[in-house]
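Both complexes below contain subunit A, partnered by subunit B and then by subunit C.
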Partner chain A sequence: MRFLFKTAYQQDIRLFKHGGQAFWYSALGLALLAAPFVLPDYWVSQLNFIWIYSIVSVGLMILVGFTGQVSIGHAAFLAMGAYTEAYLQGHGWPFALSLTFSALVAGITGVIVGLPALRVKGMYLAIATMAFGFIVEEGIARADSITGGNAGRMLGSLEVFGIPIDSELRMYFLTLIVLALVVLGVMNLLRSPTGRAFVAIRDSEISAQSMGINLARYKTIAFALSAAITGLAGALYAHKLRFLSPDQFTFLQSIELLIILVVGGVGSIYGAIFGAAFWIVVQQLIVLAKDWLPPAIGQQTGLQPTIFGLILVAFVLFEPMGLYGRWLKVRTFFQLFPFYRKGMFRRQKSYMKSERLK
Partner chain B sequence: MKPLLTANNLSVQFGGLKAVNNVSFEVWPNEVFSLIGPNGAGKTTIFNLISGLYRPTSGFVTFEGEKISHLAPYEIARLGIARTFQNIELFEHATVLQNLLVGRHCHRHTNWFQDLLFTPRVRQTELQFRRTVEEVIEFLELQHYRDSMVAGLPYGVRKVVELGRALSMRPKLLLLDEPSSGLNVEETEDMGFWIEDIKHDLGITVIMVEHDMGLVSRVSDRVFALNQGEELALGTAAEVQAHPAVVEAYLGGADG
Partner chain C sequence: MLQFLQLIASGVAQGCIYGLIALGFVLIYKATETVNFAQGDLMMVGGFLGLTGTLALGLPFWAAFVAALAVMFFFGMALERAVLRPLLGQPAFTVVMATIGVGFLARGLVTMIPEWGTDTHVLPVPYKDEIVQVGGLVLSMEHLVVIAVTALLILGLYLLFKHTRIGIAMQATSQNQLAAFYMGIPVRRINMLIWGISAAVSACAGLLLAPITFVHANMGFIGLKAFPAAVVGGFGSIPGALVGGLIIGIVETLAGFYLPEGFKDIAAYIVVLVMLAVKPNGLFGENLRKKV
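And then the complex of A and B:
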């Protein structure tokens, strides 16, 4: 067990709270740098998907996990980023610029979609964001000249600062760097007033505003940041797929993104990344399992959604804190060994909330 | 001397119900002003009118001589009015420290973009915030709970954390909505000491809604009694308690 002796307020602000953490994260960093050289190309490609999905999940986590606003139209922001990137690249913009611009376009759209959030909550907000998702999906199919419509749109080969990204290996480093920067940014937010304002809005709007937090402003910031990060991932996604069509950005995908958060653990950055990794890995395992299963099961059309549905139900029932919650419990078990008690993570039900003002 | 806060012919109506009806009072700097009255008298409604959660149907509130009734709750908070809630409205899935740091929100000088980059300026303000918050932690003896999640704390401690969050704002005026409700005798005693210290040592004006007359008489400079949204009596705790209209409101009329 580790005892932390705190002697300076700085210690609570640091990203790594103690030497052990710094050591393990460095080790993880080295492992991630070495991984693509060791793994076969196929798995490097899957890792790339994990990084891209992680960026999306971190973006969605800002909104859902930290600010407590629901969105079931996030695939639309992914699409905005992807198509903006495809369009701008087609017009010869350099990648750094087009990537920034893709995030910007998605972010500004996020501000607009966030407007109803200033008035409605919960279910109604969910419906509003869902409607937005449908509008974008339909819009992409109709705007032939920009998006290629239902026929789809190809992307040219990617070049970053003169380096051609022509292999999975190079794509790996590009996506990993973007993910690292996004995670760093979000961690910065969380240890600063903006992040605390998000969490305050999530837990009690009424007292957040009585503490001087401008609800409209911070909800808008949350929507904008979440959408911008998702747009960023969208741009990378476009290059990963090399081909875009409207059926890649459906309502179902928005739901998948939410499932990733729930499975990973709502309310933490780890959760977002664990969820994304789990999602991609299980998808691959299902593909592999298809060959082993008897054809009557293996060739069923709805196999993947069914399995994901079951997994989601299992998580909601048995581990509402998601994979991250499970990881916390396992870690605590070993840290406190042999003193871990069952029910250590059980929280008391909150006290009376009957007389809420709103 | 000018009053810190005034309520001028304040009324609010919900449908046909006059929750607060033509109420006026003045609160002087550095006093403890208590609102008492039976349930449904409109005490919390007055708090919500002051902190901007409700808009008055007629009348207005002034703070330091300026009308504030048209301002949004967050703008009123920024003027230096902090409050607690009857049923505790803490940020449950955050630590005590984080809750208190939210109290410093109005004093931030950085925007979200600087926060995203965690610039030296952000770091500096964070350290300043922490120093202020630590003073509050020491004042309320919350050291033991600093890093605990609020969701796991007992009721009495939450009540103190909520007071601490309001104090972290370093407000000019503190609105306490039933600070002793749900506390045991000893905790109520502590709360009384703290309210006295808040007035004497921190120089903060307090408006308090409270049912425990023991606590009210101990800490209040003046007491304002309400019933069914209307003023009954105003004076020292002893005067108000002896006032015939107050006795009638609480116990019913002699012929009742």
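And then the complex of A and C:
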């Protein structure tokens, strides 16, 4: 067991809390750098998806996990980022600029969508974002001149600062760098006054308000940041797929993003990344399993939604803290060995809190 | 003018379907403050049950109708017991995710059941393709049945909530769970009953919708349009759900006819965004304030 004895304020804001963390994170970093050279191309491509989805989930986590505002329309922000990138790249903008601009467009849209958040909350907000998601989806299908409509839109090949991103290997490093920057940025944000305000709003709007937090302002910031990060991921997503069509940004996509958060563990950045990794891996496993399952089960079209549903219900019922919570429990078990008790992480029974009151 | 009335009539029928699904949401929301994202999928299962009742078991349509409602009633109660009750008192988001999971499961499992599968089915009904003429206005029997059954159902629920002990207990639970519990009302059993009723109501919507569209595994997505209906009416108000449904149904039908292509599908969502901006509590919503 390790006791952290803090003797200086500097220690409190260190990135790595102790030597062990520094060691393991460096090891992880090295493994990630080596991975694309060792793994076959197909799995590198899947890792790219994991990184992109991780960026989206970190973005959504700011909103859902840290500010406590539910959005069931995040695919729309993903679409905003992706199509802005496709459009700007088509007009010959350099990548750094178009990437920034994609995030900006998504962020501004986020502010607009966040406006109802100032008046409505909880489920009403969820439905407002859902409505927005549907409208964007339809809008993409109709705005032929920019988005290519239902026929879809192709993207040209990508070049970053003169380096052509023409292989999965190069894409891997691009997505990994963006993810690392986003995660570091969000970690820093969360220990800034803004991040603390988000968490305060999540835990209790009334107490946050009475501590002098401007709800409207911080909710809008949360929406804008969340949407901007999602837009950033959208731009990378566009380059990963090289082809965009409206059916990639449906209501179900938004729901999947939420499932990633729940499976990973709501309320932590680790959770966002665990969830994204889990999600992509499970999809691949289902594809693999189809080959050796008896055809009566393997060829069912309903196999995927059934498994997704089962996973989601099982996590909500039995592991509400998600994969991150599971990891926390395992770690605590070994740290405290042999003193771990069964009920340490038990959910507290609480009476229903009404949302109907404002 | 006649055309306009014609559109209104089919809008009302469509709106009744939305209203019925929204009613399912509202019942559950009022009692347990849970938003059930699987409502549309319950409707789909109801439709398939009706299909099995008429085709596989050879029951007459109305018998199959009642049987499907009864099965769905118990299905809803079982669902509450298995999935929702362990989550009692958890944050709304957790519960919503659980219902989304149930929706996924239902959609996936239905395609695996032989005879149901991924195909679209036609539910044979005795009133298929009949029309009624009222002074030049041509109304299809399917639409009229939707309107009539909805009216009956609403009346029945109204009587249940106003004039029976169990209905009044349900009202008490929906107003204040803790207080109701202290008054000796078996809150959990009431919640279970509410889920049963709500599942039966949405199955009813599914069976009424079946002759107009078809029965297939993804018909549950129409349930998403019932959210706007519930919000417009004021989430948590039973007459509001119906009125909201009618408004959405009529607006959608008119938008489909008078506005350019594409507006029909998003009309409901535009209406709900406007409503949330203007009057977030909906037409019949209660405006409560928290006192500290």
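Basically, the second predicted complex is superposed on the first by the 347 of 358 C-alpha atoms of A that agree within 3 Å, B and C clash if a C-alpha of one lies under 4 Å from a C-alpha of the other, contacts with A are read in each partner's own complex, and residues count from 1 in each chain.
Note that in this section a residue touches a chain if its C-beta (ideal position, glycine included) is under 8 Å from a C-beta of that chain, and two chains touch if they have at least 3 such contacts.
As the structure is a prediction and not an experimental result, all values here were calculated from the model.
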Quiz item: Taking the superposition as given, does A:100 touch the first partner, subunit B, the second, subunit C, both, or neither?
Solution: neither
Exercise. Could you say whether A:258 touches subunit B, subunit C, both of them, or neither, answering first, second, both or neither?
Key: second
Quiz item: For A:245, is the partner it touches subunit B (first), subunit C (second), both, or none of the two (neither)?
Solution: neither
Quiz item: In this superposed model, does subunit C or subunit B come into contact with more residues of subunit A?
Solution: C
Practice problem: Quick one: classify A:317 as touching subunit B (first), subunit C (second), both or neither. | Solution: second
Quiz item: Given the touch rule stated above, what does A:301 touch, subunit B (first), subunit C (second), both, or neither?
Solution: second
Exercise. Once the structures are superposed on A, label A:206 by its partner contacts, choosing first (subunit B), second (subunit C), both or neither.
Key: both
Quiz item: Taking the superposition as given, does A:221 touch the first partner, subunit B, the second, subunit C, both, or neither?
Solution: first
Quiz item: Taking the two structures together, which residues of subunit A meet both subunit B and subunit C?
Solution: 206, 347, 350-357
Practice problem: Write out the stretch or stretches of subunit A touching subunit B in their complex. | Solution: 9-10, 12-13, 185, 188-189, 191-197, 199-200, 202-204, 206-215, 221, 225, 267, 347-348, 350-357
Exercise. Sort out for me which residues of subunit C touch subunit A in the complex.
Key: 29, 32-33, 35, 83, 86-94, 96-98, 100-112, 118, 177-178, 217, 224, 227-228, 231, 235-236, 262, 265-266, 268-270, 272-273, 276-277, 280, 286, 288-290, 292
Quiz item: Can you name the residues of subunit A that touch subunit C in the complex?
Solution: 64, 70, 116, 119-120, 122-124, 126-128, 130-132, 134-135, 138, 141-142, 206, 251, 255, 258-259, 262, 266, 300-313, 316-317, 320, 347, 349-358
Exercise. Write out the stretch or stretches of subunit B touching subunit A in their complex.
Key: 48, 51, 53, 72-74, 77-78, 82-83, 85-94, 97-98, 101-106, 108, 110, 112, 115-118, 122-123, 125-127, 130-131, 134, 149, 151-152, 155, 158, 165, 169
